[in-house]
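Per-chain numbering from 1; labels A, B and C assigned in written order.
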Amino acid sequence: MSLLSNATVLFGKELRTEFRSRELLTTTVVFVLMVVVLFSFTFDPSSLESRRFAPGLLWLAFLFAASLMLQPCFLREQTNDTLSALRLSVSDPFAIFLAKLAANTLFLLITELLMLPVFSILFNVPIGSVLASLVLVFFLGSLGVSVTGTALSAISAQARMRELLLPILLLPLLTPVLIASTEATAALLDPAPAFRKDWIGFLAVFDIVFLTALWLFGEYLLEE
Amino acid sequence: MSASIAGPAIRFDKIDKRYGGLYALRRVSLEIARGECVALAGRNGSGKTTLLRVAARLVRPTSGSVTFSDEVVGDDSPPAPVGFVGHATMVYDELTAEENLWLFARLLEVRDAAARVAELLGEIGLYERRGSLVRTYSRGMRQRVAVARALLHRPAVLLLDEPATGLDSASVAWLASTLQQLRDSGCTILMSLHGESEISALATRAIRLEAGAVAADSGDGASLRSILGFNATP
Amino acid sequence: MTKDAIAGALVLLLLAADAYASFFVAPTEATMGPIQRIFYLHVGSAWTGLTCFLICFIANLLYVFRRQPRWDWLGVACAEVGLAFTTVVLVTGPIWAHPVWGIWWTWDARLTSTFVLWLLYVSYLLLRTLIEEPDRRALFSALFGIFAFLDVPLVFGAIRWWRTQHPQPVIMGGPGSGLQPTMRWVLLFSWVALLGLMTLLLRYRYRLEAMRGELQMVEREVEGA
């Protein structure tokens, strides 16, 4: 099917571009690390109570990082007007979005998985037993962030003050993701870990709603 | 639906394009026959770029339609059977020439992609340097890659927006010879130009736009050279 | 008398009647006392604000598919008026909470969701100031408006669930639950009165935007000529 094959080809391009320079990944990982460390100074990170803050601050750090990482997504297609080249070459413009959101989800996931062991050490939180479930929560949460972030980055690329605009547009929209992901993660990191099907299901619903919205309205986001 | 042999390659039917209250294009109606090589002249802001982008379906007209042969360019149609060379290079600086062409060849589902890419790289004289990032190329080389990208799927119609801008004379000569070959093999060409050059000499017809409307058309008997010459000062 | 004057007078009358009803017709609530009367304004404004945003959503959809400027004008009018009503909700909430609970903000589920709603539509308006070209501004703010409205039920749902995990004092013990019949009527009447005000405000704001839009179009035409 053209849509999937086009998306796969473009996904390959996104990966190749990123892994050649690795600029997005390195800056994002460093940013998340900095935010986590800085946040830790605002409370007593070694106390047992700090465990309660930890999942929330982790996800908040991811959200901030994502809202910066997603900036260049469509902006970089403006430099040489490669966006027009893409629009002329693909049969369904949704392929462009599919490729970008898949790549962004992957980059976010890599960042999160790299942060996990660091996080585990900094806050003395064992993660071994719940690793698989954690990855699921991270995946669904990152997907939600990517879908909305990729869509909104197409909008912010058209506006002024886009560095501040994308976070302003994105962060309130992601409130449900922040809440659901934090709750699910907190439940998994609890001394008595629990798999919160309700919150994880909620994340899935969020992802489906916005994936559908992007599918319906994507082509308009690319209009000049 | 059979293609009409006598039908025009491109038909612009009462194209209007408004941005707010500003008319970029005003009721432009044109028919461009197969094999014609049309030069579009006019001052900056006269609507040349907009017309080309409307034809490429990158810009949606406020009203009116563009038709190619017998296929109507609707909102949901697959990519138009055109090649488009714009102001910008429309290729990725951070990929090599080969990677760029390969990428677009696969997106366009070109049948013999590998062979086609190699063929084009040879034609633009960049086969040896195909593994270097486009970022390292000169302006002339980048424009060659841009043209190659537009030709990947062997389009029947080629649209070019001021393709000779900023090119050195060797590259202009190369472009002129490429366009001549395409024209002679039956490709329909619509290009916007600034001033006379080897490239404008290829034109079989010239159209001048003023304030978004057709002001002169050598197809109606006006002098082709005067239409182009009028544009001597931008 | 012009239509505008009549409409204005009618709405004024409705609002006056609503004020009277809130203060004198509705019975005093048992536990919270007279301050509870602000509830009629608080909840009425909340419903009216949401009504505005719903109309905004529909206008946004219509603009994306029809591209007629009037849907853009309606959209921005609804967003601004809706934001005004939402601000009333956010202000009356603490005014109510403080005498009753002794604190200004309790992170009550509905109020917190309303805060996020407020932020979403502030972003919508902010976005509009940052895109200059009118058609592009209309299209992209409409698209953002669509995404924002789709998010609203998810925001309210998530926050409500979240608060049930960490129970805190609820400002309104759920309207409708345990609401005396008279109170219910006054609340409904409040909403009608506020809808009247909303319609009036929308008309004025829409007209203002329409005039601005047409003026801008004429200006650009003159510039281009």
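By our rule, contacts are C-beta pairs under 8 Å (C-beta built on N, C-alpha and C of every residue); 3 or more make two chains touch, one makes a residue touch a chain.
A quick note: this is a predicted structure, and the numbers were derived from the prediction, not measured.
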Chain with Cα centroid nearest the overall Cα mean is chain A
Per mean C-alpha coordinates, the chain lying farthest from chain C is B
Taking each chain's mean CA coordinate, chain B and chain C are separated, in whole Å, by 50
Whole-angstrom distance, CA centroid of chain A to CA centroid of chain C, is 31
When centres are defined as mean Cα positions, the distance from chain A to chain B in whole Å is 39
Among chain C residues, those touching two or more other chains are none
Within chain A, the set of residues that touch 2 or more other chains is 223
Per the touch rule, the chain A residues reaching chain C in their complex are 148, 151-152, 155, 158-161, 165, 168-169, 172-173, 175-176, 179-180, 183, 198-199, 202, 205-206, 209-210, 213, 217, 220-221, 223
Chain C residues touching chain B in their complex are 133-135, 216-221, 223-224
Residue set of chain B touching chain A in the complex reads 53, 56-60, 78-80, 82, 84, 86-95, 99, 103-104, 106-109, 149
Residue set of chain C touching chain A in the complex reads 64, 116, 119-120, 123, 126-127, 130-132, 136, 139-140, 143-144, 146-148, 150-151, 154-155, 157-159, 161-162, 165
Counting only contacts in the complex, chain B reaches chain C at residues 18-23, 211
